[in-house]
Each structure stands twice: as structure tokens, then as C-alpha cells.
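Each of the next two complexes has chain A plus one more chain, namely chain B in the first and chain C in the second.
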Partner chain A sequence: MTFRFWLRRPAATLGAALLLLQVIAIVFAGMLAPYSPTMADPLHSLEPPSWQHPLGTDVSGMDVLSRIIFATRINLLVSITAVAAAFLIGVPVGLLIGFYRTIASTLVMRLFDFIQSFPVFVLGMALVSVLGQEIWNVALVLAILFVPVFARLVRAEVLSLRERPFISAARCSGAGDISVMFRHILPNAMTPALVQLSISIGMAILLTAGLSFIGAGVRMPTPEWGLMVSSGAQQLILGVWWVSLFPGIAIVLAVLCFALLGDQLRIFLDPTKRAPGKAR
Partner chain B sequence: MRDRLLAAATVSLCLGATLRVGAPALAQSPLNTLVVAGPRTPESLDQEYPPTEATHEARRNIYERLLAYGMKPGPGGISVEDFGKIEGRLAESYDLAPDDTSITFHLRHGVKSSLGNPLTADDVMWTFQRGWNLKATFHWYMTQVLKITDPDQAFHKIDDYTVRVSLPQPSPLLARLWVNNDLGILDATEMKKHVTSDDPWGSRWLATHSASFAPYGITQFSPGQTVIYQANPNYYRGTPHLARIVFREMPNSSNRTAALEAGSVDVAEWLQPRELNLLRNMPGVRIWKVFGNYIARVEMNNASKPFTDVRVRQALNDLVPRDEILKSVFFNTARITKSPISEIYPGYTPAYFNYSDDVAKAKALLAAAGYPNGFKTTLGYPTGDEVEEEVAVILKTAFARAGVDVELDKLPASTLVERYTKGTMPMYFFRDMAIVPDAAYVANLWLNSASLIDYSHFHDPEVDSLINQALTSTDETKRIAEMTRVQQIVMQQAPWVFLFNPGYQLATRSTVHGYSWYTPNGNTWYDFSKSATP
Partner chain C sequence: MTATLEVERLGVSFGPSGAPRQVLHDVSFRLEHNEILGIVGETGAGKSVLAHALVGLLPGDGRVTDGVVRFEGRALADMSQRERQRLRGGTISLIGTNAKALLDPVARVGTQIARVLRTHRPCPARQAWRQAVELLGQVGIVDPAARARAYPHELSGGMAQRVVIAMALITRPGIILADDATLGLDATVQVQVLDLLVQRSRMLGVSVILITHDLGIVAHYCDRVAIMRAGRIEELRPVQGFLGRPDTPYSESLLAAARARPVPAEQRHAGKADKLLVVENLLKLFQVGGTQPPVRAVDDVSFSLERGETLALVGESGSGKTTIGQCLLRLLAPTGGSVRFDGQEIAGLSEAHFRPLRRRMQMVFQEPYVALNPRWSVLDLVSEPLALLGHHSRSQRLQRVEELLEMVQLSRDLARCYPHELTAGEQKRIGIARALATEPDFVVFDEPTTALDIRVRAQIIDLIRSLQSRMGLSALFITHDLNSVRSLAHNVVVLNRGRIVERGETEAIFASPQQRYTRTLLAAELPIEWSASRRAGAATVANPVSEHSA
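After this line comes the complex of A and B, so read on.
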């Protein structure tokens, strides 16, 4: 990929740059953050942005910049882990229930209907309250919420593909179910799921932050963007804007990053959307 | 063209509305109406319901008691109760037996309830019977504090305006107890209209209605939304200045702050210290401040490790950066709690408070207790209490200096209460006040191992014995000496991490006058008035 490649694709460039920033924050948080993200310093409570604290301090005197940097680890790792788990479970399940149209497939679909009949946020709150307010429980809840999304996408593709002539041809050449599913159908059914992967990470970031915002996510003083926005919201009326604003911007940029990358991935994987010779 | 005009008009309207939000709105309520914003409406209007901050306030206004403390001027022009002076209310006078085993109430003549029914001894007796049979608040006071065992021997109607309460043994609290606002007298004539075979004491009706001889009655009770208090035109001490009190539930304190600032409410209750600090210098707003009877602490489960060891409890007390918390969380409007007894109550002494922010001493204590590297524990606090969350985060950092790793567990209040009453929460925030200004009463509530609310499971035989003696002794000098010793033991034993007395602060528009402080900390609307100008 050349410089001209990125220049021609500003959205992809921005998405990749934002992703790079987040990766740097995750890997080098300890070196980049000027202060501990969890140590209270009450005598420096709610200080506005300054040279000492470029993004100010929160109500406990903790440095907002340091907390935002460390929160990248939690928000992204939770979201990526949850979505990856949902992808790894949802894709094979979607393949199976699309390929085999049995009572079991119907029951699995009804289970997905049941999960998706609830507003995502409400179901997330309920599950976290049952499982407990732990960081990896939040990831588990997100995975549960996203499995039906991937499974449905793949199933829809499989239902269409399994009737195509090239599948009949494969059958005629002696291919069994496993071979048909994994060699002929799955590679052609993956595109929507791959595009959804990036979009889901953005959604997962929003959900993680949203659950923490309403107090159903991680606990204080864990550095997490939604929790930071929530803890600052109460101070907005006092004119203290920095505690909520900066983590809010971090959420926006992280979601934007994955939305842009997802969009580029969709174009990249869709032969009808890309100009010949320009995709790679 | 027409569409453009329409669009322009819409934009102008939106802009106008936006600008209007920024401008302070003047209070729209008339001078005889007070609009109050509070965190929650009362859970029930029945005085037999367990007391909460919201129910205490309702009770002060819709139940009239037999006795009350006289008032005296306090700091900042706020009237406060004079604990040495008991006055008649529904009882015009009372006679205390020389041996403190009975009290005779002489009821006031001509008193009428807000529903127009006259007060007689039958109202008092019916109220006593109801309270005894419901086995809740009244029953607790009678059995646990006054040690009554047989109601037939205890409650007597002498004549239509005289009632006597007799005890099996003397009680130093015999007169003082009847000041409590959860021992109000009901309008029995009205109550009897609402009893049914399956609800013989009218509890269902009284949960959402009022029937007493108080300055106010409730005309609308919409839980979670609004309570409307209407003045009792027959009130025997004179018609209240304010004809109507409109109480609106606003759970978020920043919303209450904004409403007061904009003038859409006259009174904002239970604001955060930070918000009060902001409002303090704001024109048109007044902050009323009293160092009342609250004791905020972190209770430790003394019955479970590592808190079974007194050195661990002492070490945590030595790890609290109290001055920093006072400054950054309370803006120096709170005071350090130096005793388990409220600082304004007779018998209080700060002499035995010996804790400071001393990490070396705390580490030595932990090492001696067998925890040289600290330990891991959990600190619970309720959702919606920003102050406790702020303090919890500071404590987590402070305790970590000695290796004590505290996990903060923010829980719905009901879950937190359930956990600490079952003894499954190692540490938790607890803010409470005792409404009877008596050291033995206070100690009995929280430190007597026989008490149902000794949630920290503190147990010291000498403390139990001293409290029990003081609850039946009428020798005030001896009682004070006993309570001094209790404070000495408790401060050494450190069953709690002693924190602060946050006091009680009320924010009002400066056109609101007459705030007075009483031990339950809720507002007594009868004292309030409103003027057109500050």
C-alpha cells in the first residue's frame, strides 16, 4: 500500500490512524499516562485543564488524561473480545442452522428471536445484574447479545447460497456436507459477517460505555469511558465540563474509527462497489 | 416563500425557547404556596412504616405529638430545639411520677384535626392500641425503650382529656420519648371510617392519607411524583403561614440545584456539598446550615475476619485522610466525628478520639495483627450517593498505602441494606442519626449487642451493661458518667471507621424564611413563610 493509496481514501486513513492511536494507548498506557488512573488525590479535585493536568482532574482528583488512556484498554479489549467471541460462535451456528433446516434450527432461531426481542440495552442491564458487575461479565453479556447478529447474517447468506447451481455442481462431484459447508458456502457467506465485525465493535464500545454510564458496568474507580462521563455528568451544572467531555470525545472517536473501517471493509469486500484494480 | 417563513418562524421560536432556558425564571408560586424539590416522596404516610428521611419529614408535618421541645436561637439565626425544655403540644401539660414510672397527659381542649374532628382521650387510646397491635414503630418504642410488656397495665384513659402511661420500671426517657414525631396522635374518628375486617387498623388507607391534628393534611399523594400538603384551618397553634406545600420528587440533586437556581422551586433539599458551595454566593439563594446529629461512618463487620481484631479496626481509622476529605468533598462544612454519640447531645465527649492520618502507625498495627502486607476487602455504598462515592474512592487510595486492597461495590440501597443486615458485607457506609437526644438511647441503638441495628456486630459486655443501666437509671449524673465510659471503650475498640458529621444544609430562595432544625432533620413547614422580596 502506497502513500497514494491512503491519500485517495481519507476515510480509511482516518479510521486506520484512530485505530493506531488506540493500539498505542493500549500497549503503552503505562508509559503515556502521566499519573495513576486509580489513585485519588482529593486536594486536586476538579482542577480544569492545565499544564499539570492537560485534560483536568475529576471529582476524586484523578487525572482525566491518564484515565482516558488506561480506559482504552478496558473499553477496546472488552469490546473486541466480546465481538470476537460472538463472531466465532455466531458464524458456525449460522452456517449450521442455514444449512440444516431441522426442528433444532427452528428452535435456535426462536431463541435468537427471543434474545433480540428485547432492547439491547435493557437485556444487557438485566444480564449484568444477574451475572454480576464484573468486567468480564460485561464482555460475556455483549457476546451473548451479538451472537444472534452474526448467526442471522450468515444464515441468510447460506439459505441463498445452498440453492445455487455451484453447490449442486459440488454435490455432483461427490462433496459431502462438511466439504460443501466449509469449502463452498462459508467463504462466500462471510462478507456480511466480516463487515459486521467492525460495526459491532463500535456498538460494543457504546454498549460498554452505556452500561457503565447507568451504573451497570464496571465499578469505580476502574478507568472506563462511560463511567467517566457518568461521574462528570453530575458536575456539569457546576461548570465542570472537562470530566465528561473528554471521555465522551474518546467514545466518539473510537466508534467513528470502527464505523469508518467497517465501511471501507464493506467496499473492499464487495466487488460491485470497488473500481477494477483499485481495491488492493 | 410560505415554507421559508414557516421555517424562519420555527427557528425563531426554538432560539427564543433556548435563550429563555438560560435566563433565570422567577418563582411562579404565590406567596402562600411553597414549592419544594426533594429526592423522593415518602414511602408511606403511616407513622408505623420504618423511618426514612422522607417519611420523617412527612411525619413532622402531618402528625401532631403530645409533647415537644422548646425552641431556642441557634447559630446563623436558625431556631433549634432546647433539649432541656419539654413543652406541651396536644397534651397541654403532663405530670411525671416522682419515681419516673408513669406520665399523665392532660389533653388540650378545643383541638381539631384537619378533618374537623375534636381531640379526646379516645384518639390517644386508639392510637396507642393501633401502635401496640401493629407491632412496628410504636411497639418498638414501648417495649424496647420503655420496657412495657402489658398494654392493659400500661395505657389508661383517666377521663375524656386525661391519659396515663405506666411503666413496670423507671425510665429516664419517659417524657422525652413523646417528642418523637413517629409517636403522633391519630384522628380516631376519621380512622375508624377506613378500617375493614381484613385491615382492622386502617393501614392501607393511612399509607396514602393523613388523619391527625397537625398543621397540615395531605390532599394529594402521588408516590414518585408529588405530595401536596394543605394547611389545617383548625390548627390549634394558629393557621400556618403557608396554605399549600407542593413537594416534587426530583431524584437527581443537580436537577434540584438547577430548579432552585432558576426559581422554579422555593426549596431544594439534600443537595451535594459541591452544589451548596456553588449556590452559597448566588444572589437570590440562601443556604441554611446546622451541625446537627448525623454520624457518617464506615461500619466494619466486627464478627468476621480480619475485623475481629481490634488492631485492624484501629489501623483503618489511622488511614483516613480526614482533613483532605473535609476540604475536597465537604468544603469544610462538615466536622470530624470523634465519638459514637452525636456532638450536640448531652453526654457527648470528643476526649477519646485518638486517630490521625498516620500510615506508619497503621502499618505497625496491621503487622501486629498478622497482616503485614495488608488484606483484600470490599466496601459497599449505595447508588445515587455521590458524596459517599467520592469518599469511597479516597478511602480506597488511602487504605492502599498500608496494603489494604478495597474493592468498591456500588449497590442499590435495598441490596446494600440486605447484605449488611445479613452480615455479608465486610465494610459499608452508614449515615444515621438518633432522634432522641440522649446518649444512652443513641448507644443502645448502634452499640448494644442486643440491638437489631447493631449491624457492625460490635459486642462488648461492659458496654452492654453500661447501656442497660443507663436506660433504667434516672440519676442523670451517673448516666453521663456511664456514657462517658462507653465512649472511651468504643473509641478504643473502633467498631467503625469514624468519618464525619456532615450536618444538615437546606437551600432555599432568599424569599423563604423561618427554617428551624429538629432532630429528625426534615423540614417543618409550619415554621416557614415566604415574602415577595428577600
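After this line comes the complex of A and C, so read on.
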């Protein structure tokens, strides 16, 4: 991991730098933010960027910079938790329904079709309105949306892997279903799911923000990027651009970060695309 | 007089310019008009790189570092991009391995052949199609007008290879470059395809370069032969002289390995000659379409195997020999019939009841690389059967793996390697070591000698022979490589379309085959000897053959 290593991979460097920035924001939010993220100050409402408020204030006079910093916690933690849960459920489910071709696996696939055939936002709104506008309910909704994504990816790999000769060879050696599934198939089927993990976190960030933007996510005054964009949207026409623009940039950078990392992960996990001499 | 093709001191390297890897060194040869030149070498000798350099299509970061390639006196390097395009397919046509992969899956084959013609000279579509159909007839395809409308997946491997030959011939090129064009085809089909290629080329006055690792092909078809090794031409001579007395020790070792025909290790009768495996009326049906009758892949096959006996199942692809092997080891469930192993009926056993028997019945898989889990090290791969048995400690397993590696003549350092770091021969040995790990009584060898280099093939045959004599192994040997059958099997069963055609002792079958099908199979073997009479006959063989589409 020398300096040259990073210089040769600008995309990886940018992705890693953005991730580091977000980690810093999450860990040190209390120290970095100049104001409390939820303290309203009606006297200083809708102030443009200045030395006191580097990114301006919103309609209730809350500091935009402080809110963006604190919102990193919620947006990232919700997205990562949701995607991690989806990964942990989706991968084994995909493995099972790919390996055992029974009526049950067909039914599970139809359930996934059902989940995925709904427009994401309609399903999200419906679920959040039933479960309540809690931040962890948003995470639950996202997890439900992403389980089919991982399960399908793994299933597709398993379907082709299970016909490969090395699986027959393992059977000949006396391997049973469990051994074949977990020791032979799963390690070979993971690459697309691992790449999707990073890309999905980016998508989840976008969805969290989107759900809040349309009012199906968290409620004020929770610092959340989508909610912040939405709260500034009404004033955009009055020339108050800072309330919406800066959280919007935060969303773009966060999504970009995970998309870049996903690409790098794909290259890293594929031995044929790795630089020669670095095999294994 | 200028030669059709002249290659002078050609050098090719790959990799960054700072640290180039020289792949071809100082390669020079001339190809005369109407000559057939064989280029022979083992994997990594640079044969395919040479072929690609000749047409100016080096892959990746490969480049010509020095030397000249001249076509009819014109240097390839002096040609413009456009001229090179006209050269490829116009002056020199390339026929590659695996014809089915070379054809566009979504275009009719007739269209694809006509397209080649129309790229090189203006020609009305209708006329180009007519020419394509005519040519398909000439390359021995029955009912060419109908076949020209077929898509590649509707053709068998042999037919696809003929279509590719037609594509190569339609522009009347000066040179045809066949890069292992018949690799993976059945011997009978290979002979038909090569006969046809050579006959058409002689008729049209086309020069041919046959790149191959089969010295039988060279002996049978080529005028001169170039032996390549590590990017250099070691020897370039007329074939007759080469076969009589090769110049270099390397060529001599190649010829010796290819001609080696040891006899099978003597069958050891362990006390009484009892039957280890008895197969009776084995039946395996595959349901293809909903309405069509099922394919009878294995049709009423019966045979038996004594302890210490090696039985060969031979036949062309589609004869059901691999399916039989898979049925015996329960990788496929037989549709009917009985299989008794050491007195126990195993055809109807459930997987759970069969699993204890797996220790005693093993299989060496056909393609070594794909039969090894790419993410496992050699140590894990070879010790897996032991680990699943569960009564060895980790250190015992390690010790056993080292013993096994030694037994298959591999260095114990390889234990830490992964399959993609090994050569094909090493992968094959790993497959054998793995199958022998549990000291089985019975092993199925599925095509253990195909797709291997000449000398590696000879080594694998030697290895299997030594295992036969050391362990008294009972083996079923599935192959279409008849040469190796003579060295490994005591008895032979000849299969055609799932049925047994002929059976008997190996020497008897080879000496006096009773059935026409067996004689056809044996005739397709190309001996590595100069035979003027066979050559004269070659030109008359390529009659249209009726082949069923795959």
C-alpha cells in the first residue's frame, strides 16, 4: 500500500478518501459540528453562507453544516445496516433456492418477483406508513427491498456452479449437500454479491434520502440529508439555494464513494483482472 | 521465384516495453506454392502466437520486435491498415480451434460464408449465397441448400468445422492457416475434415500451414514439418526425412513419446478371479423435449470387470461412454438395469446409502482444470476425500497428501499452489492423486490422455501403468484415444450410440476387428509413419458424409 499504489488507482483513491471523510464525520460529529444539529434559532433563519454559518441556516435557523455532519451518522448507518441485513439473509436464501430446485424455491422466487415488481417508493411509503415513521423502520424497508437483489445474484451463480465438474468431483470424494454448498459453491458464488454490497449501500443512501424527501422517511428535526433537501425545496424559488444544495452534494458524494469502491472490489476479487505477480 | 509466404528472423514480445517477455525468437521459414507445412510444438512453444503474428493480429500488448513477414514478396509491416484487412481472409485465411465458437450464433451459416466473400469483393448477395451453397456441397455437407439456412447451434462439431473451412476457401486465398483446427473432434471426423481440407487445397493450389501437436497429422498430411520449442524453430525438414531420423534430441524425444506403445501391466489375479463390478442391462434415458421420445444415451449395456482388470470403453462422442461412467458412480441415476459392486446391488441405492461406497469407487475427471475447485489449494483438493472420511488428523492428512503427490510424481511444494498455477499435466496428476487418496478398489478414468501434449500424454500413460501394477487397481478407462487403450487396457468394449458393438481382448480387437464400426474407428488412427500409399488414397476419401446434427 505504497503511495504509488494509490496514485495508479485514482478511482480507488477518491473512493477511499470519501469513505474516510464519512467515517471521520460519523465518529467526530460532536467535535466537528459548530452547532447542535437540532437547535432551532428563529432569529437566524435562512441566513446565506457566512463565517458564522459556513453553509448557511435553514428555515428554522438550524446550521446546515452541523446538520449535514450529523446526518452522515443516520444516513450511513441506516443504509449500511439495511444492506448488511439484506446481504446476510439474501446470500443464504439464494444459495438454498439455487441448490435445491423444489416448489418452495419457486415460491420464494415468485415472492421476490412480487417485492421487486412494486415501484420502490410506493412500497417504501406503504410499509413506512404501516410500521411508523421511525428511522429503524426505514432500515427494515430497505432491507426487505434488497434481500431479493442478493438472493437472485447468488442463485444465478449457484445455478451455473452446481453443474460444474468440480462439484461432481467433490461428490465423488464423498461430499454431502452441506459440504458441497458451503465449502465448494458458496466461496465461488460470492464475488457478484460482494460487489453488489458496496453498490447497494450507495443505492440505499439514495433511497433513504428519497423516502425522507417524499415524507415517508424520518421526521423533522432529525438531521437527514433527504429531509434537508426537501425542507429547502420550497425556498429554492426564492433564491435560497444553500439549504437544499449542500445536503444534495453530500448525497452525491456518498453514493459516488460506494459506487467507486464497488468497482474496485470487482477488480480486486477477480483474479484474472489483478496485476500479474499479485495472484492470490 | 518468390515464395507465397516468407518469414525472416521474426521476433515477438509481450509485456511492457521496460520488461518485455520474448515469445518468438528468430523464426524463419518459407512457404512455397501449393505446399503443406506442419508446425508442431508443445503448449507454450509459440505456435499460436506465430499464427497471429502472420495475420498481424497479435493479442493484447504483443508486438513484432524484429524480422519481416512477406506475402508474395510484400512486407506485412509496409501494408496499410486497409491492405492488411484485405490480406486477412483474402490472401491468408485462418481456421481456428473450436469452430462452433468461431461462428456467429445469430446468423445463418450461409449468410456468414457469403459475408466473407462480399467483404473482399463486390458481389450481389444472391450470387454470394449461391457460391456459399456450392462450396458447402464441396466441403462434403449433404443437402447444402438446406444446411446453409441452419444456425451454428444446429450443426455438429464436424459440420461446423466444415463450414469454417468453406469460409476460409470462398475468397480463394493463397494460404490457409489451420491452428489446431481439428482439436476436440472425434478421430473419425478429424480424418474426414483434414482429408477434405488437404484435398481442396491441393486442387485449388492453396498453401496450407497446419499447426498441431499431433505428429500423426504431420506424418499423414504435411510435406515439410517445423518443430517449435520455446519460441524457436528447432528443426525444419521434409516430413519423410524427419520421421526416418530427426536431427535434434528434442524432436527425437517427441517422436519417441508419440510412438511409445508399452503394453498394459499384467493383470494381477488376487487369488481367485472374482468379479468386482457387474453391470447388467444398464439403461439411461434423457428426456429432451416434451413430446419427443427420450434419447437412449445408454441402451441395454452389460459388462463386467474382474479385480485388477482394466477395461476400456471406446467410442465417438455421443456413444454414451461417459454417461456409463457417471451412472456407475451415481453422478447420474440410471433409468434401469443392475449394477453390482463387490456383490452389492448399487443401482437403486439412495445417496445416503451409497456414500460409504464412494471411498472405494473413484473417478478421474476428463478436463482436469474444471474438475478442481479454483479457490482451493492442492493440499485441500487432494485431502478432501480424506477429510470427509473423518478419521485422519490434520497432520496425518498432510503426510498422506505428500505421499500421494510423490506417487503421481509431483513435487510436494505444489501442495500450496492453486489449480490455475499448474500446467495441464500437473492438473491431471492432481486429479489422479485425489482419486487415489482413499485407496479405492475401482477407478473410472474419463479421457485421461486427451488434450495433453505429446510427452505429457506419454508420462500420464506411464503413471497409470505403474499405478496399475503397484496397486492392483481395477479400472474403467473411458476414451477415444485408441493408442492409449493398447497401453492401458486388458479388454475393450466398443460403443456406438449407447449400444455395445463389439467386445474382446485388446490385442484381438486391434488385430482383427469384427464389426464395420470398429474398423472405421481403427482406420481413423493416424500412424506416425511415412506411408506413400495412404497419402495417395487421402485425396479420394472426402466423399459427402451424412452426419446427424447435434
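By our rule, the second predicted complex is superposed on the first by the 274 of 280 C-alpha atoms of A that agree within 3 Å, B and C clash if a C-alpha of one lies under 4 Å from a C-alpha of the other, contacts with A are read in each partner's own complex, and residues count from 1 in each chain.
Keep this in mind: a residue touches a chain if its C-beta (ideal position, glycine included) is under 8 Å from a C-beta of that chain, and two chains touch if they have at least 3 such contacts.
Values in this document were obtained by computation on a predicted structure and should not be read as measured data.
In the three-chain model built by superposing on chain A, chain B fits alongside chain C with no clash.
Look at A:G174: by the touch rule set out above, it reaches chain C but stays clear of chain B. Once chain A of one complex is fitted onto chain A of the other, the partner contacts of A:S117 are absent, as it touches neither chain B nor chain C.
By the touch criterion defined above, A:H184 lies against chain C but remains apart from chain B after alignment on the C-alpha atoms of chain A.
After the superposition on chain A, the angle chain B-chain A-chain C between C-alpha centres rounds to 140°, nearest 10.
Taking every C-alpha atom of chain B against every C-alpha atom of chain C, the smallest gap after superposition is 27 Å. Note: no residue of chain A belongs to the chain B contact set and to the chain C contact set alike, using the contact criterion stated above. If you check the complex, the residues on chain A that touch chain B are 38-43, 45, 59-62, 133, 215, 219-221, 231, 233-238.
Taken in their complex, chain B has these residues touching chain A: 252-254, 257-258, 272, 274-275, 278, 321, 324-325, 327-329, 383, 386, 389-390, 392-394, 396-398, 400, 407-410. Within the complex, the chain C residues that touch chain A are 326, 329, 331, 355, 358-359, 361-363, 365-367, 370-375, 384-385, 388-389, 418, 420-421, 431, 434-435, 437-438.
Within the complex formed with chain C, the chain A residues making contact are 164-166, 168-176, 179, 184, 187-188, 271, 279-280.
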